[in-house]
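Just dropping this structure here.
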């Protein structure tokens, strides 16, 4: 563990603290003219403004405190990583086109038209250096939800073909194949069978009617297949009727992450239709942060009316089952610290569920300093983990996370987000770090009391 | 005027002119002793609160010597309880106060017989022998 | 030109002793707000000064200024007017009347051409010369005729200095001040309604002593008397600083002699010597007797809002105007939002 | 009409009209933009209560950020409390409000107000220096930030100079003071000073959205 102050690092590879142009590599998709690109971005920025965003964009005081909450700024001292600066173009478009005084802004040219150079520079700020973790909105004295607006600004960026290639390709593959990692229904089924054999358990698939629809994230299916088994074990143990579906299994939503609202809707609707089809009362989302945001809080809005079923993160589902006695677990004699996925805890409101679970497991739970709702992000959220060119920055920022975890001196590090797990694993390899990220759900599955249900 | 006098006047606080004046007089006495320089303080230039002037006068009190001058109305020249500090009050023929001074001196100039008056008196005296 | 005795000679002739003269000089110094160390110089100056001729013109006025002056306690009215100056024309005070009086004025003007002082009280009506005439002569004609040979003009009272009450809105007579009309003579304004008598005599004494007009502020007022505000020199100032205010004329604060700011005192914006020189032989001044300063020595004090309206009160528009502004705000807001949404729709279609 | 009368009369009237019209304009312009209905199943109560809660709670810094934002927060507190005290607890101002609204409340002694005013100016200077020197603030600041600071400081400084009689005459400085207030009121609805009313809308919005999710506000 380093004793060097993060703000004045001695790392020879570290980027300079002073202002510098962004790393040169602006990705563009499609063959629009420059003008078209700018116009398209602008039109889609403008489309998204509503009373909520207007109150935010008009309310900003330029106090700069959000910089102190952002891991990118804290680790680099680069002022461009000030969260509110990341939506500067979005703000510029608002003031010029829609705000109450837009007429004057245009008339006197108080706010210039956005240029392609700016958009290219902001590609780095809106994608590579924002995980949409929302920590900044907790420090903001006006309570501005900057992360939410970064997501909105990405819509315009996507339409203008200004998305980092890897993220764009991942999203595109998700749209084309139904999974960002190219997991087809057949592949899913195959891997479920493998897990069923491996663990000698029942994994219901494509049941016609069930109370619970369980879904997975491709990352789990591909990289952490044990999660599928764990999900099955737990759901079996509760005794509820449940099933996986091949017509709706993918919980990740790269349409949302990349900024393509059409794709976002397509992904969400698949799950919604599957759940309605089997008459599910509950849709249990996997250990995935953005899937929670996409379905729990945005799903109904994609659907256009309230959903006829309940949406729960698997940790919420487990916590409920443990709390009302449907599920019982053995005590685990370990010290554990928990990494809160931003979209589930801070932005999703399900912060308490994992803590309830850990209490039932009887572990020595060690909260991280600035943990829970104020947790530092893993650095891989918001699609950032897919963007290769952002790796260097992501690893640099991860230092905060390492310090945070290490200070607890816990035996185990757990989380409930496969995407977090993925970026932890990557950074763990990069730094040869001693901690390995584990899954809370898997710990529950491994410690189920015999004779459940 | 008796009815007006019956109105009770409350004086809650003063402007605080008394202490600064005492201080100034003290320094004036030092100057008088060390260098023989006399000082005159014109009390008309100070904003006194009701009753404050009386307070000041009472503070200085009456000393050993007191004189009355009859010229263009009466004037009272009085040494205070602090020797060398004189309270001088000029009145006009209507007995209205037209000037108040604190003079820090061994003897106020106005008490000395003036050369012009001495000469005039000498002339009058001379007339007796013509 | 006939021989004019010096002031010293006149005083001696009247049997005033040197002591009396020194007393006179001390009170004059006090009057001029000069330090006592100046007394010897004043004595020397007065000794050799020659009595100036004074012509007093009264126009649209109430004679309050003359009343005030004749109650001047310093050095003595008689002494000043009859000994130190030669008041050759004052139609209220002089015995002569009609053509005889006018003849006296012309005689004084001719005799002292270029050296006499003109004192004016009252404003001059420019609306119709008939509003105010003396011996058939309009005020304007008399003023302009008289000041031609004057050494200086002293405007006594707020009417002569600034137009005063006759000049108050809507100013039916078209009243103007002396300084509005006389441009080529030194003018001293001694405003006040009425002015402090000592200040009037002091200006004369100053002219008498030094043969020139005193230093003036931007409104032409002698700095020696108009250099500080009433508020600056007010004995109730500590209450202002402590935040102790009389809220009405009969509350405990008023009885305790607290600051009258909230009752509309104009002391902070009024330049005059009332707080130090005081009135009625130094007895008191309005604030001391429990009434806020009206600001009578300031230009157009009649038209500066209510006498009992505190100084820091603003004059907002009527409620109707504010309501109108609110309606305009709603309209603009609706229009702005509509324009914004129209752009959004347009862009959505284009996109 | 002298300067003071102009300041107290037409200038203040104009400022009041602009203030009222501009404030309503901005609020209506924001409120009447499209609103997206939220169909998601609420976890916690949204609505007005949530809005009020966050309007209140955001006046305080969350513990994890206390250290990093200590300096600007303290300065901002001093500035806001100072502005409140100098505006609303100085007796001549109370008289001003009383003349306008008919309400009257006790003030603080002038000496204390003077001290608070100086502290407010000091905090303002500290904040503007910080804005002009720290890289983050340098980058994100624009004309509005500096101009709004200027129009806020102007009435404060002119107000503080009024008792210092050496430079100006009382009525001149009072006139300038009132004119600077008129400028402040005229600018207030349009620039970032609009946060005097937007703070309720902005914080309230977050309160309604995030309390509804049961998320951290």
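A, B, C and D are the chain letters, set down in written order, and residue numbers restart from 1 in every chain.
In this text, contacts are C-beta pairs under 8 Å (C-beta built on N, C-alpha and C of every residue); 3 or more make two chains touch, one makes a residue touch a chain.
On a predicted model such as this, the values are computed, not experimentally measured, just so you know.
Visitor: Looking at chain pairs C-D and A-C, which one is connected by more C-beta pairs in contact?
Guide: C-D
Visitor: Give, as an integer number of Å, the spacing between the C-alpha centres of chain B and chain A.
Guide: 92
Visitor: At what distance in angstrom does the C-alpha mean of chain D lie from that of chain C?
Guide: Measuring from centre to centre gives 43 Å for this pair.
Visitor: Suppose each chain is reduced to the average of its Cα coordinates; what separation in Å results between chain B and chain D?
Guide: Spacing between the chain centres: roughly 58 Å.
Visitor: For chain A and chain C, what's the span in angstrom between their mean Cα positions?
Guide: So the centre of chain A lies 79 Å away from the centre of chain C.
Visitor: Which positions in chain C touch two or more other chains at once?
Guide: In chain C, the residues touching two or more other chains are 332-333, 336-337, 340-341, 344.
Visitor: By residue number and range, which residues of chain B touch two or more other chains?
Guide: none
Visitor: Any chance you could list the residues of chain A touching two or more other chains?
Guide: 49, 98-101
Visitor: Going by the touch rule set out above, what shape does the chain contact graph take here: line, ring, star, complete or other?
Guide: Contact pattern: none of line, ring, star or complete.
Visitor: Would you mind giving me the full set of chain pairs in touch?
Guide: So the chains that touch one another pair up as A-C, A-D, B-C, C-D.
Visitor: Hey, which residues of chain A end up touching chain C in the complex?
Guide: Contact set of chain A toward chain C: 40, 42-44, 46-47, 49, 97-103, 159.
Visitor: Where on chain A does chain D make contact in their complex?
Guide: 19, 49-52, 54-56, 58-65, 67-69, 73, 77, 79-80, 82, 84-85, 88, 98-101, 137-145, 296-301, 303-307, 310-311, 345-351, 370, 373-374
Visitor: Provide the residue numbers of chain B that touch chain C in the complex, in ascending order.
Guide: 10-16, 40-42, 44-50, 52, 69, 71-73, 75, 90, 92-94, 96-99, 101, 109-110, 114-117, 120
Visitor: Quick check: in the complex, which residue numbers of chain C touch chain A?
Guide: 332-333, 336-337, 339-341, 343-344, 347-348, 350-351
Visitor: Please output the residues of chain D touching chain C within their complex, sorted ascending.
Guide: Result: residues 2, 4-5, 8-9, 12-13, 16-18, 20-34, 91-93, 95-96, 98-100, 107-111, 165, 170-171, 174, 178 of chain D touch chain C.
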